[in-house]
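Common to both upcoming complexes is chain A, partnered first by chain B, then by chain C.
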Partner chain A sequence: MGLSRNVSLSTALRYKGQGPFLTFILHRIGGLGMAIFIGIHILASFLSGDVGNAINAVYESWVFQLFIFFCVLFHAINGLRITIVDLWPKLIEHEREAIWLEWAVFIPVYAIAAFAIIRSALGG
Partner chain B sequence: MATKSRTLPLSKRGLNFEMLMWIFTRLSALAMYALILFGVIGALIMGARNQMSFADILRWGFMPNSTHVQSTNVPDLAPWSSFLWNLTATLLLLVGTAHGVHGLVVIADDYVTSPRGRLVLRFLSIVTMISISIIGAYVLWAL
Partner chain C sequence: MEVTLKIFRYNPEVDQKFHYETYTLEAEETDRVLDVLERIKGQKDGTLSFRRSCAHGVCGSDALRINGRNMLACKTLVRDVGEKITVEPILGLKVIKDLIVDMEPFFDNYKKILPYFINESPLPADGKERLQSAEARARFDETTKCILCACCTTSCPSFWASDDYLGPAALVTAHRFIFDDRDEAAAERMQIISETSGLARCHTAYNCTLACPREIPITQAIGELKMVSVTGKLD
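For the complex of A and B:
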C-alpha cells in the first residue's frame, strides 16, 4: 500500500520545527553530502588519470572543504546524540539539552577548523 | 500524573528488516567512531606527531589508506600500507558503505511512496552498495 502525501511544498517549507527539526534537516544534508562526495571520491580514485585528477581538483577548493567538514562534523556529533538517546530511551527527556550541548561542541570545533582552512586558503 | 513508557517491549515490536537496519545504523556509527579513533591512535604511534599536521592525521583517520599520507613528511610509506591498515580501511569502507546506502534509502523513502518505486530503489541501492564496496576494496588493496 502506497502512502499519499497531503502536505504541499509551501506548507512543508513553512514548518517551524525549531531546534530538533534543524538538527534533523542538517543531519540529512550532511549525510547526503558525504554519500555523494565519498561515492565520487572512490570512483575518481578508481579511474585516476585525467578524469580522476579533474575531480580531485574540486576537493582542494577551500569552499568545498568548509562544506564537507561541516557535513562530517555535524553528522558525526548529531549521530552520536541520536545513538546515545536511542540506545538509552529514557534520555529522550533531555533531548533539548542534548541539542544545546551538541551545538556547544560543534561551534568551537568547527570554528577552529574553518579558521585553519581559510587561513591556509589565504596563503598563511 | 505518572508518565507511561512509550517504548514497547521487543516481543511486541517484532524483529523485522526495518528494526534490524535501525539498530545497525546506530551500532555502525559507534563502530566507525571506534575505527577512526583506532586509526588516529595508530598514526600517532607511527610518528604522525612529528611528520604531519592535525588535518592530515584526521584525513588518515577517516580512511587509513597510505595514499592519504603521501603528501606529508612521512619518511617511509611501508608501515602505513601494512596488512593491518588495509584491513582497518576495508572494515571502515564496508561499514560506512552499508550505513550510507541505508541512509540514502531512508531519505528516498520520504519522497518515493509507491510500492513499485520503493522496490526499484531497494534493488538499485543493493547494486550501489555492492559495486561501491567492490570498487573501494579494489582501490584499497590493488592500487
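For the complex of A and C:
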C-alpha cells in the first residue's frame, strides 16, 4: 500500500529545474500551440459559413498571431539548440551559455515581430 | 536562527491522502537539512519517517525534494535553502510512508542494463589483472561516481510520465560499462538502451545534471550514448 506514483501536471510544473527546464516546458507548449493552430486551420477549411468564419476570426486575431509566432519561433530556436547538443554532446558543458544565447536571439526577433503585429492591429 | 520546516506526511495505516505538517525549531545555518530532520524526529515527532544511512553523501539514501528540487539532505546546508524549508519525497515513485518511496522500479530499471563487468575472455598470461591505460580509464571516469540516490531519475519529466523509461541513473551506469574497454558486452547494452524505453525518451530537459549530488555530467553522458546508437562507434 502507498500513494500513487503518478505525477500531476501541476506538481511537475512546480519542480524547480531552472532555465533548461523552462525551455523544456516552453518547447512543449510551442509544439502544442502549433498543433492547435494547424488543427483549427484544417477544421475551418472544412466548415463553411458562420462556424468557419468564426474559427478564422480566432486564428487571424492579433492576439493569436502573437501566440502562434511565439510558439513557432521558440520551438524552432530551442529545437536548433537541442539538435546541436545532440550532434555534439561535448557542447552540453556549455548548456547555460547556450540557453542565454537562445534567449538573446529569441527576444529581439520576437520583439520586432510583436511590434509589427501590434502596429498592424492598431492600423498603423 | 529559527527555521520552519513544512514536511510531507503520509501514513498508509491512517491517511487516505497526504498532508503537510509544519515544525519550527532552532538550527545553525551550517546544520544540514538531515540534522534538522533528525532533531525533529528525536525531539518533536518520533513518527516522522525518512531514509538515511551514511549521512555523508556516499550511500545516497536520503534523496529528497527540498524547496522543490532534488537534493541529498545530508549534503544540503540550512543556509543554502533558507529559513523556510519544504521537504517532500522524490517524484515518480510510490510513497510508502512520509518521505520514504518505493525504490524497486528504479532498481528494476537499473538491473536491465546489466550493471556489472562482463568479460568472458581468458585472463592475461600472468593470470592477474586486465590492465587498462590511464586514458582508457579516464574515458568513463565521471560515470563511475554514481551512488544510485535516484536524484536524477526522479527529476526527469520522461520518468514522471512513465517508469518504463530506464532513466538517467541506469543510462549513466550503461555509459560506465559501454565505454570501459575491458568490458565485452557494449553491443548487448547498446541494444537494451536503444529500445523505445531507453535513449529515445531523453528529451534533454537537463534536470538530471542539475540534480546530481556528485556533479556527474549526466546529459552529456546520455548524449554520447545517443551518438553511439547512431554511428555504431565508441569514439
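Rule of thumb we're sticking to: the second predicted complex is superposed on the first by the 106 of 124 C-alpha atoms of A that agree within 3 Å, B and C clash if a C-alpha of one lies under 4 Å from a C-alpha of the other, contacts with A are read in each partner's own complex, and residues count from 1 in each chain.
We take it that contacts are C-beta pairs under 8 Å (C-beta built on N, C-alpha and C of every residue); 3 or more make two chains touch, one makes a residue touch a chain.
Just so it is clear, the structure is predicted and the values come from calculations on it, not from any experiment.
**Q** Which of the two partners, first being chain B and second being chain C, lies in contact with A:14: first, second, both, or neither?
**A** Second partner only.
**Q** May I ask you to decide whether A:123 touches chain B, chain C, both, or neither, giving the answer as first, second, both or neither?
**A** The answer is neither, since A:123 touches no partner chain.
**Q** Could you look at A:49 and tell me whether it touches chain B, chain C, both or neither (first, second, both, neither)?
**A** neither
**Q** Considering only the touch criterion stated at the top, classify A:95 as touching first (chain B), second (chain C), both, or neither.
**A** Touch status of A:95: second partner only.
**Q** Can A:82 be said to touch chain B (first), chain C (second), both, or neither?
**A** It touches chain B and chain C both.
**Q** Across the two complexes, find the residues of chain A that touch chain B and also touch chain C.
**A** 1-5, 82, 86-87, 89
**Q** Residues of chain C touching chain A in their complex?
**A** Touch residues, chain C against chain A: 10, 12, 18, 65, 67-69, 91-97, 102, 105, 155, 157, 160-161, 163, 203-207, 209-210, 217, 219-220, 223-224, 226-227.
**Q** Which residues of chain A touch chain B in their complex?
**A** The touching residues are 1-5, 28, 31-32, 34-35, 38-39, 42-43, 45-46, 48, 72, 76, 79-80, 82-83, 86-87, 89, 116.
**Q** Quick one: which bits of chain A touch chain C in the complex? Just the residue numbers, please.
**A** 1-5, 7, 11-12, 14-18, 20-21, 24, 82, 85-87, 89-90, 92-93, 95
**Q** What residues of chain B sit close enough to touch chain A in their complex?
**A** The touching residues are 7, 22, 26, 29-30, 33, 55, 62, 67, 96, 100-101, 103-104, 107, 113-115, 128, 132, 135-136, 138-139, 143.
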